[in-house]
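Read through the structures below before going on.
First chain A sits with chain B, and in the next complex the same chain sits with chain C.
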Partner chain A sequence: MLNLFEREKLDLQSLSPSDTAINVEGLNLWFGKKQVLNDISMKIPKHRITALIGQSGCGKSTLISSFNRMNDLVDGCRYLGKVEIDGRDINHSRENVARLRASVGMVFQRPNPFPMSIYENVCYGLKLQGMSLRRTLDDSVEQALRDAALWEEVKDRLFEPANILSGGQQQRLVFARALALQPDILLLDEPTSALDPLTTLYIEELMISLKKRCTVIIVTHNMQQAARVSDYTAFIHQGELIEYADSDSLFTMPVKKQTEDYITGRYG
Partner chain B sequence: MKSAIGKIYTADKRQALAVGLAASMAAVLLLSLISIVIFILIRGSSYFWPASINTIEYSDFHSGKTEQVFGQILMSRVPASTFAEDRVIEQGLEQHWLMSRVENGELIQSNEIILPTQIVSSRNELDIAELRLTDGTRAFIAPAGIRTEDREYVDLVEFSDVHKNVKILQRQLKVIRDEHLSPIHRQIAQYDRDGVALDAPARVKLLNEFEHFQRAIGNLEQALNGYQLVVRDAMGKQALVPMGNIVSVNFPNRLGFWGKMGFAAQRIWGFLTEEPKLANTAGGVFPALFGTVLMILLMTVIVTPFGVLAAIYLSEYAPNNSLTAAVRIAVSNMAGVPSIVYGVFGLGFFVYGIGGTIDSLFYSDRLPSPTFGTPGLFWASLTMALLTLPVVIVATEEGLKRVPQGLRDSSYALGATKIETIWYTVLPVASPAIMTGVILACARAAGEVAPLMLVGAVKFAPTLPVDGDFPFLHVERQFMHLGVFIYDGTFHSQVNSQGSSMMFAACLLLLVCVFGLNFVAIKLRSRLRKRYARD
Partner chain C sequence: MRQVKLNNHISGKFNIELENLRNSVLTMGGEVEQQMVDTLRAIKENNAGLAEKVVLNDLKINAMEVQIDEECMRIIAKRHPTATDLRLVLTIAKATTDIERIGDEIERIAKLVTKHNLPVSETIKSSMLSIGEHVVAMMRGTFNAFARQDEQAALNVYEQDNRIDRQYKSLLSYTSQEMRQYPELMEDWLEILWALRSLERVGDRCKNICEYVVYLAGGSDVRHASIESMQQKIDDLAQ
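What follows is the complex of A and B.
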């Protein structure tokens, strides 16, 4: 089984189904006439942090959004291929998308607290799941805020509007909001790009601590960050998966020329 | 030539000219706005302000005799052409006076138009009183004393005590009439319908009771008639005014500024809480205010859900095709349809169509007298809801469009369905815009007149649409509306200058209502914005 404390290297090509969180097979995606993802196949291991890197506009956000079908919300989006979570094709027409999104959490680049109190923000997903008992809600909210390292800062003003929080606090609130649902997979789209270094460090520690509970996939433009926190890294270029390997080898000995050019800053 | 102009008007100067022009346009706009408000304010508040009473001596135009009267000047204006022929323009503005005289022992009020040159002398006397009577008329007299049942002369100092006694008598009369006589009347009518014999003991007993109360009323009325106010006109002629007909006696010439202010405050209160009198030229506007507010409330209850749901459908669900675009254009064109068209539609479709059908289905026992098949509060509210629907739809759509996509995405990403996202996130954020739309709709409905007159608003309604009888809210009744009230007032203004001042007062009230509504809208919006603000 998995060993959480050692960076044991898994063979990404022949990952066993029990170790696979997401299995992408031949994924093609179009926005209107424009093809954004081109035949992507990859297996994302469970309880690891996988980073997606690549030039702006290469399709990282689109790829990560196809793991919880957020692309459905875009007009004129079509896709072909399989995305399997727990052996289930989530692109199947009978998939319950709301339930899928509740179990695959997502944090966006800009914090978007709802115009409600801090408490209600964290409760939002839980209430949608039909949880209404005050006691359990209270406990879940506290636990989620502790997990997101925000509890100490907001415990005295849980019922104040969330938008009085600072940007960094808001981002952690958004983490707490997603964590409250205890997702199996957490998708992070440039979660720290608007934050100061200290808060970034907080969030990075948070991600590492989350490994125990879920699979984390992070999109980042920060090479150091990818190298620091991620176990595996995928480099995407113009909608194609160029290289996908454990982070140590990808950053130290990239196989492909394009990867090397990108991580050494020759373009992008 | 061209180059010369180019030299004179440099770019700087052209810009200054443009700015100057724009600024002066804005100034004109501001000026006209301010003058509307000030005009209405002055004319409207004169209805409340206790003007002084003059004792004037003036010469009659035809006989040339001079006469002394108590009167009050209501307004002055340029002479109407019909009178101009036998008057010289240089004589100045004609003055409209309200005067009181005693003729054949009767107190008489008259509206008279005189010219400044006719007035021989004019002065203010402290002891002249303004009498307000229960029918809404005002009279100017010199009170000389009070006559009671047993005493020939009581000093005016005791007026309020005597008046209190009179009121007690009046209340007793009312109690006997309402609580004893009317039930007996109804019972006798019931006997008649049931064919109870004329000499049946129950009926005889009832008739005896009836006579007993009738006698009591006779006695009370006699007692009441014993109380009279002795008044004199400016010529010293005497008349008796039954105390029961008097609402108040006051001496405006004795009041200082603050006294007048207090008096005006009282009059404003009366204006808001009393019924109109003398065919809407005196008294208060309570039924019209009440009707307006109730109609707006009902309209809001109808238009808000419809408008918001329609806007949600249009902006969140409708496919992005030409049909939706056509619907959108139709909605914004609906706002431009003349309001009288809505009135006609309401009358034809709601009142006669739907109302008539309801009557024939559920109230057929009351036909041919209609219940819902006649203009009434509900149909008026429905018509106004239809009229203001575009306002609410457009404002709501505007608000929905401005809700950031990121917020929606966050909601979806937490497992919310589309409807949950709209309900829990989008609508709260759009609520300031929705609020604005609804309040704009209210202001529109408060000021509308023409369609309302077709579908239920009347210039005089005998009963309020809310009373103590089940089901308390009678939406089928006709009601009074401030706009219609003002419209009605403009007709009286041509014959009766007192009525015109009432009209301006009602106008002022309408203005205050609309400004108040807008003020509330702004406050509410900024509070909601603060709550749902995003940085």
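What follows is the complex of A and C.
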């Protein structure tokens, strides 16, 4: 039978290790006595965009923060279960957290450029890693800014302070800073919520273009954004993974009633 | 002529999705047009095998309708199209239903050929083929107008249905005379009447699609309007 529309639909349950960017198995997480994540198991496919949606406080930011151990910085955080990247448990005591965070980059809600030049912002992480050769740094900065679709706008003012850039440009600069380290995984925590709708669309295009290079995981309150950009979507409610499927299915025919209620605005 | 530009969204993926959706309708339209050409050939050559192929091929057209509907729903759910994009998706969803029904009408005619029930006399056969040729031309014109989003071309095609209606009425009147002469062939006559009706209905379906093309190109709903009023609306859009 003729197939008019090509659609990929990976079997997320039985994703092979080579196609899996992150394998979460029975992840439970507590902040003090409060359990924030409850027995989450999911396989996040490589080179795809996976969106985490859910109500405020449902645990989605905590979940992506557990992919680069940002939760370690929170007092009283403890966890049970596994988060595997490339087959190794990143919560293992021998895990090199600095290296982990270089390979699992993160971009936050508000653009947070460092109070230094555009150039210095992008090569900051590289310098921390010990890269000092000017030529190599120049090339890396240019490539990262190109990847973040910012090069053409800033190439003539690389040494001007980053804070003169607009909000959208600053956010792309933060993307470039993360991309300079050539991460395998990019975590985006509400990356466009402080931006105007048009700039948001440009950032979304950037995310889609980044799929070729890395796996993108985005936390968003904006369901329309999740629907637009993501290949796969997970709906989280009160720390539990309610439904995790390809975005086409989840936004047209969700299986669970809770998901249906949430995406149709009947929640609560 | 004003065209809905499909390729100037910030989202490249959305551009591709809309382009693919539009192309899918043209693919479906091309299939249905070929079905009609094959059916006319089957009538002309009394070729039951070819008619059988047409009947089977209708399953493919049905499947296309389902796929296009699903894609329209997916785009509405995921992209929240507005303005021209929304009109395009709605137009396609409606046009697809009409194209599928055209497929059903053609299948009905082809089924009669498979039973060697068509047509009883050479006069009816040649008149039917003549109507069929005009219907094919109308289908072709409809899909071309859709592809180019050309509301004036759509209106020109729309008007062609009058000729098909005249031919249909004239053939109907001839057939009823024949029926009176050969009442013992009543079952065959009924089948022929159904086939003629189906042929005429294809023209009506094309008219519907032409109305959607005017709506798509200019945002003006011309359903249930007279041709003069449609022309006036198109002229207004051009100004």
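We take it that the second predicted complex is superposed on the first by the 260 of 268 C-alpha atoms of A that agree within 3 Å, B and C clash if a C-alpha of one lies under 4 Å from a C-alpha of the other, contacts with A are read in each partner's own complex, and residues count from 1 in each chain.
What we mean here is this: a contact is a pair of C-beta atoms (placed from the backbone, for glycine too) under 8 Å apart; a residue touches a chain by one contact, two chains touch by 3 or more.
These numbers come from a predicted model, not from an experiment.
A.B. asks: Tell me which touches more residues of chain A here: chain C or chain B.
C.D. replies: Answer, by number of touched residues of chain A: B.
A.B. asks: Answer with first, second, both or neither: which of chain B and chain C does A:Thr252 touch in the superposed model?
C.D. replies: second
A.B. asks: In the overlaid three-chain picture, which partner chain does A:Ala194 touch, first (chain B) or second (chain C), both, or neither?
C.D. replies: neither
A.B. asks: Please work out whether A:Leu12 is in contact with chain B alone, chain C alone, both, or neither, and reply first, second, both or neither.
C.D. replies: neither
A.B. asks: In the overlaid three-chain picture, which partner chain does A:Gln224 touch, first (chain B) or second (chain C), both, or neither?
C.D. replies: Touch partner of A:Gln224: chain C, not chain B.
A.B. asks: Identify the partner contact of A:Met131: answer first if only chain B is touched, second if only chain C is, both if each is, neither if none is.
C.D. replies: Neither partner.
A.B. asks: For chain A, what residues appear in both contact lists, the one with chain B and the one with chain C?
C.D. replies: none
A.B. asks: Which of the residues in chain C end up touching chain A in this complex?
C.D. replies: That would be residues 10-14, 20, 24, 27-28, 60, 63-64, 67-68, 70-71, 73-74, 77-80 of chain C.
A.B. asks: Write out the stretch or stretches of chain A touching chain B in their complex.
C.D. replies: It comes out as residues 68, 70, 73, 75, 98-99, 101-103, 105-106, 108, 110, 112, 114-116, 124-125, 128-129, 161, 163, 174, 177-178, 181.
A.B. asks: Which residues, counting only chain A, touch chain C once they are in their complex?
C.D. replies: So the residues of chain A touching chain C come out as 1-5, 198, 201-202, 204-205, 208, 224, 227-228, 247-248, 251-252.
A.B. asks: Once bound in the complex, which stretches of chain B touch chain A?
C.D. replies: Touch list, chain B to chain A: 320, 404, 406-417, 420, 424-425, 428-429, 531-535.
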